[in-house]
Amino acid sequence: MKKRWTNLRVKLPMFIFISQGIFLGLFAAFVTYDDHTNALFQTNKTNPMENAVYKDYPFFTDIQVMIFLGFGCLLSFYRTYGFGGMVFNFLTATFTIQWAILVQGYFHFSHNGQIHVGVINLINAEFACAVVLISFGAVLGKTSPLQLLIMSLLEILIFGTTEWVVLKYLRINDAGGSILIHVFACYFGLGVTFVLYRPQLSNGHAKESTSYHSDLLSVMGTLLLWVFWPSFNSALTLKGDDQHRAILHTFLGLSASTLTAFALSSMLNKNGKLTMADVQNVTLAGGVTVGASVDMMISPAVAYALGMAGATACMLGYKYLSPFLARHCRIQDQCGIHNLHGLTGLISSAAGICAILWASEEVYGPSLYETFTHTAPAEKDPKLAELKQLVPGLVPGLGRTAPKQALFQAAAVGLTIGVSVIGGVFTGFVLKLPGLAAPSDELCFDDELFFDVPYDYEALLNRTTTSEDKVA
Amino acid sequence: MKKRWTNLRVKLPMFIFISQGIFLGLFAAFVTYDDHTNALFQTNKTNPMENAVYKDYPFFTDIQVMIFLGFGCLLSFYRTYGFGGMVFNFLTATFTIQWAILVQGYFHFSHNGQIHVGVINLINAEFACAVVLISFGAVLGKTSPLQLLIMSLLEILIFGTTEWVVLKYLRINDAGGSILIHVFACYFGLGVTFVLYRPQLSNGHAKESTSYHSDLLSVMGTLLLWVFWPSFNSALTLKGDDQHRAILHTFLGLSASTLTAFALSSMLNKNGKLTMADVQNVTLAGGVTVGASVDMMISPAVAYALGMAGATACMLGYKYLSPFLARHCRIQDQCGIHNLHGLTGLISSAAGICAILWASEEVYGPSLYETFTHTAPAEKDPKLAELKQLVPGLVPGLGRTAPKQALFQAAAVGLTIGVSVIGGVFTGFVLKLPGLAAPSDELCFDDELFFDVPYDYEALLNRTTTSEDKVA
Amino acid sequence: MKKRWTNLRVKLPMFIFISQGIFLGLFAAFVTYDDHTNALFQTNKTNPMENAVYKDYPFFTDIQVMIFLGFGCLLSFYRTYGFGGMVFNFLTATFTIQWAILVQGYFHFSHNGQIHVGVINLINAEFACAVVLISFGAVLGKTSPLQLLIMSLLEILIFGTTEWVVLKYLRINDAGGSILIHVFACYFGLGVTFVLYRPQLSNGHAKESTSYHSDLLSVMGTLLLWVFWPSFNSALTLKGDDQHRAILHTFLGLSASTLTAFALSSMLNKNGKLTMADVQNVTLAGGVTVGASVDMMISPAVAYALGMAGATACMLGYKYLSPFLARHCRIQDQCGIHNLHGLTGLISSAAGICAILWASEEVYGPSLYETFTHTAPAEKDPKLAELKQLVPGLVPGLGRTAPKQALFQAAAVGLTIGVSVIGGVFTGFVLKLPGLAAPSDELCFDDELFFDVPYDYEALLNRTTTSEDKVA
């Protein structure tokens, strides 16, 4: 029998301890409280209930549930990789958030050489974390925890930089993160898995299947993501009607994509039965497709239509594109992230561009310039003073026309895809370095490699082995 | 061996696509933003933080968890019908909410020929959804997804109309929905299952049992419902002390019914052991019994007593009434909804009537006329002007006396039962139409009929078969 | 074969009904609404949205999830005691909260002979409930539900009194409850388990192990606790920046302890594998260690360092101290609460003392006297008037110096340990009284003793029995 463990005993602790040492040093040297967490900024005129925490925290807890429980359960669908799915998600998410607080802090929240933190940083870091967890979906079961942490280290650096460039220079609308989060995460993950290609697994793997309970657990993950997705898509919008619309559109989009997913799942199955993988994944497509235009006045019907379109693209992707990519392009995309995040992200980007082109003062009123900040008149434009009478807090924009803003959106999509593919491929090569404890082909999707497993694991595994014939 | 699939491949997708097409059309033609989601209504005087979304959304997310996770897990208690329980709940809930947005929108949220939507519509639609999911409990495992969607279609139409009549013409107090939601859902479901009576199943079914893990999953569903029930019962009350009381009473009621449920479960078991079905269901009875009077000044002790009474009625119902109904009245009530929603709903209705009769200005102060809106003086009554000095925003009522209001409450209960029974029986006959893919008696409670099941399903099933002797 | 049930059929119902009768009587006689739930206090000047429910309820629901789902799943880690873990947690928590509302109500919320209740009482009662559930962890699987309820009865009395003395006379800072909740609960639980020592179990028990699914369920419990812990630690702090800091520090502490837990788990395992028990427990250590200073200006880096220190202490405790205590001190600590709550609670207490000693007006501004209320100038001190100009609502304190406050903190720790050990030992002797249906040694960790178990339980159990050799 093969040795069922790896040489992580030294490497994983060393990597974590060194990282934690560095993180702690950076926190000590550069991280301080922001205005809403610092007691000094509490004056006799501050109303404690106006602290930012009360606006941000409810969204933060919802996103926490999505990241740790939602992703955790969803990724536990393999019968012999439930520990790996749920626990490596926990480990990777925790590591990523810490690192993202620092990286995003450097780019977005630093002044006077200090990073200023509060709950808003945590929300941003959890968005960055979602990026890494989506990419994780492409390589689930084929990577060691050490590889995952290194992937997170590199991905957050590359993502943080991209995010900074896109938000600072291209200045796009992308409230739900369809471009920056979903498209980036997807193509980065595909880049990684392309390099980590395992020819032995191209005909499937005996352990690459589910059990009755792992399927149920995974559906619970889906439901948790589904239920809280409106919070995710609306957490960083403007407060008020923008946030309200984002919640409404996300719900409608998800709801529409769910029905379409059920219909297509039954239709594309030779016996008309439902496939659990579709229920677990395709139902969520609408959350992504509404993302880029989620806070805009796209109308409830369009949100609904975007959901239907998303589920259709996602479903066809699972059925036809994924097998094609696996067979002909060396892309073994374990969870099909290209379908759920890539195709849908592109649809969403296109929808966002349309929504920008169609936006008018007739529909939005003067708040047009708040939702589309960069089309607001520039600092010295006389129209700014005029508008400020209608919208007191209006921030000067760049005076971009809608078509110009649309071009910037398109440029952002292109840039994001380009950087993420290159970054993913580069990261893939790093992960291929020897000594990172990558599982052998045979021990992929096998919890015993990284965990002390309980007594009944052997039985789970054996059933797998004896059903190999069926799989092959 | 029997053919283990049905001819859903064409019917289910067709039904869903046609529905979605119609829904999309209706959304496009008639659904628009309400004042709190429409950017145009954002003026320079609007404080974004006063948007209704901040009052409604926290309650909405809690109810989302109840509908999708709570019901989903609770209904997964059969050992070979976990997919069916959780996934058909997902499908039915999603379909129902969309349809309810339109139906309730037509009755309650339309003006100028348009339905105006925001998160408040979603909350109302999730209440309507709870109605369908409760009725689903009566026919769990014995219906195809197609039948469930058709049931939802009809039930929401009938429920929406009833709700409109009761709220518009009878104008009752029922904050927690004990009458409109629980009583309606229960008797509708019993009507359906009465028509769908399966004589072959009258002595039980080999698959009608639980497994260790399905029992645990189901308890998790119970706990989710338990934990968020205060949000359900208080979501639509007046803001302020009314909502606060609703939360407190629901907690106390549930808490009391839980202890009583444990005591009775042990007492009525011949070995003094606890029965998981009791833990899963009877513990929740208090949430229903406090419902109709949940926002009133009934005192904490009465909320507590209502919880105890609810659990007692519910428990005795499971023990004695359900078997009686099954044997003598052709009512095969799969989850015992008559105990958890019917008996308790009736208790709650009675308690609501008492609370109305006992209400006085001494106890409520002038806010009496806010909690019991219909007893407020009518438009031209001089007392109205007087009261408006004490309660500035007071809405004119109908000048009903408490006994009169009590009669209207009783009338509402009667009407609700009548309509729901007739509606349920009618719906049952529709569901009996041929071609709706109803499972054969033998394949009830069997996931393989509608799902591609994983490798270990056969083992789950076989254990069932070999233990048939025990069951019989 | 041994009789696989106990004589609970009379005792448990009787105990519960008598308790409920007494509770109902006490509620009827002494419990009334507080100012925020009483309709009478609603005047024409009250803004309903300023009702306390909107500040408290979001934290309450989060803590509800922790108590009922988080603890419930976490305690279900034994393969044949999942029902016991989840369901006895449900029963004990419900009972405890009711009792704590009365006991804490008597001590903290009563005036004019009446206990005044609102959601804030429920939050306090859930904190008290956490105390009992932590102690439950020490005796998990070795006690009957009757014993658990009696333990709760006594523990809440002793805890309530201690809490009252510490908060009223010693007046300490302990926002996250590290001293009053975690240290008390731990040493009380150890006291109980010390008395309930079972020599036959000193070499382990065949059923004392996990299964694949029970491990996953337990991790879900951990994740739920992890995700909502910031709400727990911040629920009772001052509103505004204090609460914001508490959330931030708890997140950072947990996050740091999670990474450290993974590193140490792998390092201390002979094959470098991860141990699920570590993932389930040690990851949470940081939530406790930041507790006592969670609302202070300790800096993000210190919160991070406290998390690392907590995980290290906790891990070493599991590895070396727990076996030592079991072997040499008759302390069979089933869940290792001494590691997760005791050692970490002591670290937290020490950190709290340091934070108090280091606190200065330079760092906190005048709000120093709000966070550290007891160092505020006393009623007649002229400095008070001065400060009131800067902090309008400032409450007069006791004019304690920081070192003096530090001494009081230390005294509180000492008192808490003393009382809890004595109280635990006393309670242990009460639980040893005959007739409380304690399970025999052989039937510990066995759901069949207290539950009607489903068909597949026998299989779960048999696998256990046949693997006894391995365990021994």
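Structural remarks
The letters A, B and C name the chains in turn, as written, and every chain counts its residues from 1.
Here is the rule we use: a residue touches a chain if its C-beta (ideal position, glycine included) is under 8 Å from a C-beta of that chain, and two chains touch if they have at least 3 such contacts.
Keep in mind that this is a model prediction, so the values were computed, not measured.
Because chain B and chain C carry the same sequence, their contact can be compared by residue number, and under half of the numbers here are used by both. Chain A and chain B carry the same sequence, and matching their CA atoms takes a turn of 120 degrees, rounded to a multiple of 5. Taking the mean of the C-alpha atoms as each chain's centre, chain B and chain C sit 34 Å apart.
Within chain B, residues 58, 213 each touch two or more of the remaining chains. On chain C, the positions that touch chain A within their shared complex are 55, 58, 62, 79, 209-216, 219-220, 223-224, 226-228, 230-231, 238-245, 247-248, 251, 255-256, 258-260, 262-264, 266-267, 269-276, 279, 283, 297, 299-301, 304-305, 308, 363-368, 371, 389-392, 463-464, 467, 470. The touching residues of chain A, when paired with chain C in their complex, are 5-10, 12-13, 16-17, 19-20, 23-24, 27-28, 31-33, 36-44, 46, 48-49, 51-53, 57-58, 61, 64-65, 68-69, 72-73, 76, 82-83, 86-87, 90-91, 94-95, 97-98, 117-119, 122, 145, 213, 217, 450-457, 459-460.
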